[in-house]
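For reference, the structures are reproduced in the following blocks.
Heads up, the next two complexes both have subunit A, just with different partners, subunit B and then subunit C.
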Partner chain A sequence: MKRLIALIAFALAAPVFAQEEQSSAPYAYRQLDDAAQEARAQDLMETLRCLQCQGQSIADSDAPIAGSMRSLVRERIRAGETPEQIRGWLIERYGDYVSYKPQLTGLTWPLFAVPLAFVLIAFFLLRRRFTTKGNGQ
Partner chain B sequence: MIAELGLAALWLAAALAGLQLVAGSLGLSTRGAVLGEAVRPVAVVQGGLALLAFACLIYVFAVTDLSVKLVALNSHSMKPLVFKIAGAWGNHEGSMLLWVTVMGLGGAFVALVEKRLPERTMLATLAGQAFVSLGFYAFLLVASNPFERLSPVPVEGNGLNPLLQDLGLAFHPPTLYLGYVGLSIAFSFAIGALVTREVGPAFAKAMRPWVLGAWIFLTMGITAGSYWAYYELGWGGWWFWDPVENASLMPWLAATALLHSCGVLAARNALRAWTIMLGVVAFSMSMIGTFLVRSGILTSVHAFAVDPQRGTFILALLAIYIGGALVLFGLRAATVTEGERFAFVSREGALVVNNVMLSAILGIVLFGTLYPLFAEAMGAKVSVGPPYFNPMSALFAVPMLVVLMVGPLLRWRRDKFARVGRSLVIPAMLVATAGIALLVAGGIALLPWLGLALSAGLGWASILPLKARNLRRTPLPIWGMVVAHFGIAVSLFGMSSESAFSIEKLVAVRAGEVTQVGPWGVKLDTVEPVAGPNWTAMEARLLVRYGVDRKVTRMLPQSRSFWAPPQQTSESALLTRWNGQLYAVLGGEAPKVAGEKQARWQLRLWWKPFAPLIWIGGLLIALGGLLALIGRVAADVRRIVAKDKIAYRREKQGR
Partner chain C sequence: MSEHTPKSAPLAGRWAIWLPLALFLGFVALVIVGLYRPADRNVASALVGKPMPQFDLPAALPGRPGLDSRVLANGKPHLVNIFASWCIPCRVEAPQLGALAKAGVPIEGISVRDTTENLQGFLQQNGDPFQRIGADDDGKVQLALGSSGVPETYVVDGKGRIVYQHIGEIRPEHLGLLLEKLKEAGQ
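Right, the complex of A and B next:
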């Protein structure tokens, strides 16, 4: 069901991108004039996935759709949106797949639980290893 | 004809692997002892036959024999010879053949030179090696025959992906595979030792050079792959946490842990079960990596489901080998005790921290790489990328690096901080000074900040083990350790500096215009067409100047169009100074504004301070491994020669 929604969302949004591509995505290969804004846009772009390529962020891709998305990110940053707002907007349209930064949801919680578990395991492993020894001597 | 010869050699090699397995296993019993004699020669011939098969594949690629399906699919007659040859392993079947070849040669090499272990353990080891090889031979012969013929013969081949038409392809996969497969030897040693229950310092000393060798190749393979991606993809990125990269990083992490625990086992007869376990895990990671890359599961779980034969085959192999090894480990682990005990503040203690942290990083990389596959199987697509991997691995890498400053100074078994504390004052001050200075400068993210501060201290601390030593008498393995640890500091500094201080500039300029990128002035001089053997390109001539320095240097980035297969690539131009690298890429022609006469060209420019240190550090790490390897092997050879001499003298005196 979720996938269906994502699919429909993609179908609806695709023409938007297509139009932007035709109007040649002004900021695909152009930086924002404000250095601070550009830095924010760059950081965000590095964490967004190019939907057409395999395993590349939109900041690392020559694909047209990556160009459109770069332009979109820069325009929205220029309009004053925060990076997380833009990320949220993109996730809403394309699903979690578009963001390399997993959000904490019902689906992704193990991603955050596992490192925590590793920290605990590492701690107890080291502690047990070296305290039982102390007792043993 | 040559293709059939290759196929026949492959079948023969597979049959010999079967014989090696049977003879090796029977040789362990008293009744079959006579068969044991056959194992070593069989292993050598098996390696030779695999090499012959691989040579045949290279030949059909070199002459572009289009009647071979693999050549028709992946090669093209109009391609430079070096890429024709490298193309032999730039595809699924060829790379799997390279895998079994390296594995066969590895087994042959072990059979020829390894004389330090009891013969029973060696038989079990070579039988284990044959058992693993056999699965991969079956995979090649049944599911991915590289020598399959094609009828009718096509007029021309499909060509090789232009991104792969680079010298990087000639070196990166073979080095990485040497590393992957070298770990299979460690795996077989672990199996052999489990079967015969002989786990001890002698075993660790015999296994260590093989692990070191594999680790050196993995280090070089990863370093080369990272640099290749950096200059070839044309966007200045050097590590993407892409599953294919993770597939090479995971065996490296496991091998690094194994290397260190092997040291503990060799020197102190401790961490026995743990070392065996790591031997199993390290090669398992190699196989999982191969599975991820080769089964097509990465593109999508669904792509895997469409053509499941290969994926299922590798999955079955994984289950048999990893599962089998773990079962054997479970059965025998109780009889392999942990060995000697030691205090927390001791060399062993520091190495245990290293092992636990490396294993945790490995766990995170593994989990983060596989989780999107689970999620997709459950019906939702998620992406896990740098914003996840960077902080999560730093969580464990940072404590590990702190321990790395102290560990090499500690004594075995039991030590006190007070003894080494004084020599650590300078590194600690360096960390603090660098940290504060960077804070004052401001504008640096947390991770690069940590990396820069730690690398300053680590750089100093890593050479401390040489203090108070006679440098000429310092054993090579100590030099190796120092060089490798210093390499980590160098690489860490490069990575942090690259991500903290890089300057990016995207511009559309006319010929004659000058742009400023950090300290560089870049002038677009001309853009002209050039032609290569199988491509045409637009080549920009950039005249660049550093600061007020008058010297002008030329850079020639290209935007290439290949025609077989048709694809655009950007050939970046790199200019290296001692303090960084200027990275230039020529994009396309910018859309013309109404009324404009002169064309504008898109340029992508980066100034990356100290970026080359990333790979120089990687090479230093590998060099450290090489020094240690030479030191260990030389010591072993000396010992064997001395032993032979003593035996010879005794014999003479006896007469």
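Right, the complex of A and C next:
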């Protein structure tokens, strides 16, 4: 009887096994031994987007593809690559979308320039107002 | 200041008072348009139009060669299908891949984060259109190709250049476009 129940349980469990993703990525859930390297990897992972669960960083996500990305980041950091090289490698493949860190590009420069322009315009307007007053009008 | 200005100035001022409201309404309209426009959540590979990255994946199944990217530059266009046994939409696209294989299209597979046993079961159930299947057990080649999920299908021309990326399952209505892209890639 016990064997029969076990058999039935296994038969029911098989589809669950079949759905499972099995990643061999070594550093998906393992930190690097060198604490300084791990810190650098962690900082980078917090600014990279998980491509499956798109509001999360790969440091926060449990999606298997995020695990693959964490392992890729850690292995490359360990091999001596800089975080910005790894970010660049990913942007080459997925576009700016993969990175949460704003990049200064031909498309994004107005975001940085416009506030500066407003400050300058405000400065000139105020200066004119103050100098006219100063002239005793 | 207002005592010395001509009569037209207050009129202009009266109109200008509506300017912030108009700007605000314009902004609201922009937000509403953005909210209701259907969002495209696909992340397309930035490698379309560029050469396939170099990789050499081990065989996923005994008796079936793995996938070396050099094979893709053998002068003939290929389909490279990224799939997995755990992926439900991959079952949906299996008949379409079967039809393409029957039509003589060389289809190379990359199985992502999978096991031999699960893969064998999947191919038994859903048919096996693949010439080669490379095992991407840690997902590195998937990342190298700029693929953000499974299934995805790349059309690669005879020189090993990616000419088209299909994201998601291939449904019957996509076959025409894929065949057209393959034909273009063959020219």
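A few points about this structure:
Going forward, the second predicted complex is superposed on the first by the 90 of 137 C-alpha atoms of A that agree within 3 Å, B and C clash if a C-alpha of one lies under 4 Å from a C-alpha of the other, contacts with A are read in each partner's own complex, and residues count from 1 in each chain.
Keep in mind that, in the parts below, contacts are C-beta pairs under 8 Å (C-beta built on N, C-alpha and C of every residue); 3 or more make two chains touch, one makes a residue touch a chain.
These numbers were taken from a predicted model, which means no experiment stands behind them.
In the superposed pair of complexes, A:30 makes contact with subunit B only, with no contact to subunit C. Of the two partner chains, subunit B is the only one touched by A:114; subunit C is not. Once the two complexes are overlaid on the shared chain, A:72 sits against subunit C while remaining clear of subunit B. Set against each other, subunit B and subunit C differ in how many residues of subunit A they touch, and the higher count belongs to B. Contacts of A:60 after superposition: subunit B is touched, whereas subunit C is not reached.
Of the two partner chains placed around the shared chain by superposition, neither subunit B nor subunit C is touched by A:80.
Shared-chain residue A:95: touches subunit B and subunit C both. When both complexes are overlaid on chain A, the residue A:51 reaches subunit C alone and has no touch with subunit B.
Across the superposed pair, subunit B and subunit C both touch subunit A at residues 24, 54, 95, 97-98. Put simply, subunit A touches subunit C in their complex at residues 17-26, 51-52, 54, 64-65, 67-69, 71-72, 90-95, 97-98. Subunit B contributes residues 233-235, 237, 240, 242-244, 298-299, 341-344, 349, 352-353, 356-357, 360, 363-364, 367-368, 371, 375, 378-388, 392, 395-396, 504-506, 508, 568, 570, 587, 590-591, 602, 604 to its touches with subunit A in the complex.
Listed in rising order, the residues of subunit C touching subunit A in the complex are 41, 43-47, 84-86, 113-115, 118, 121-122, 137-140, 142-146, 148-149. The touching residues of subunit A, when paired with subunit B in their complex, are 2-3, 6, 24, 29-31, 42, 46-47, 49, 54-57, 59-62, 95-102, 107-108, 110-111, 114-115, 118-119, 121-122, 125-126, 129-130, 133, 136-137.
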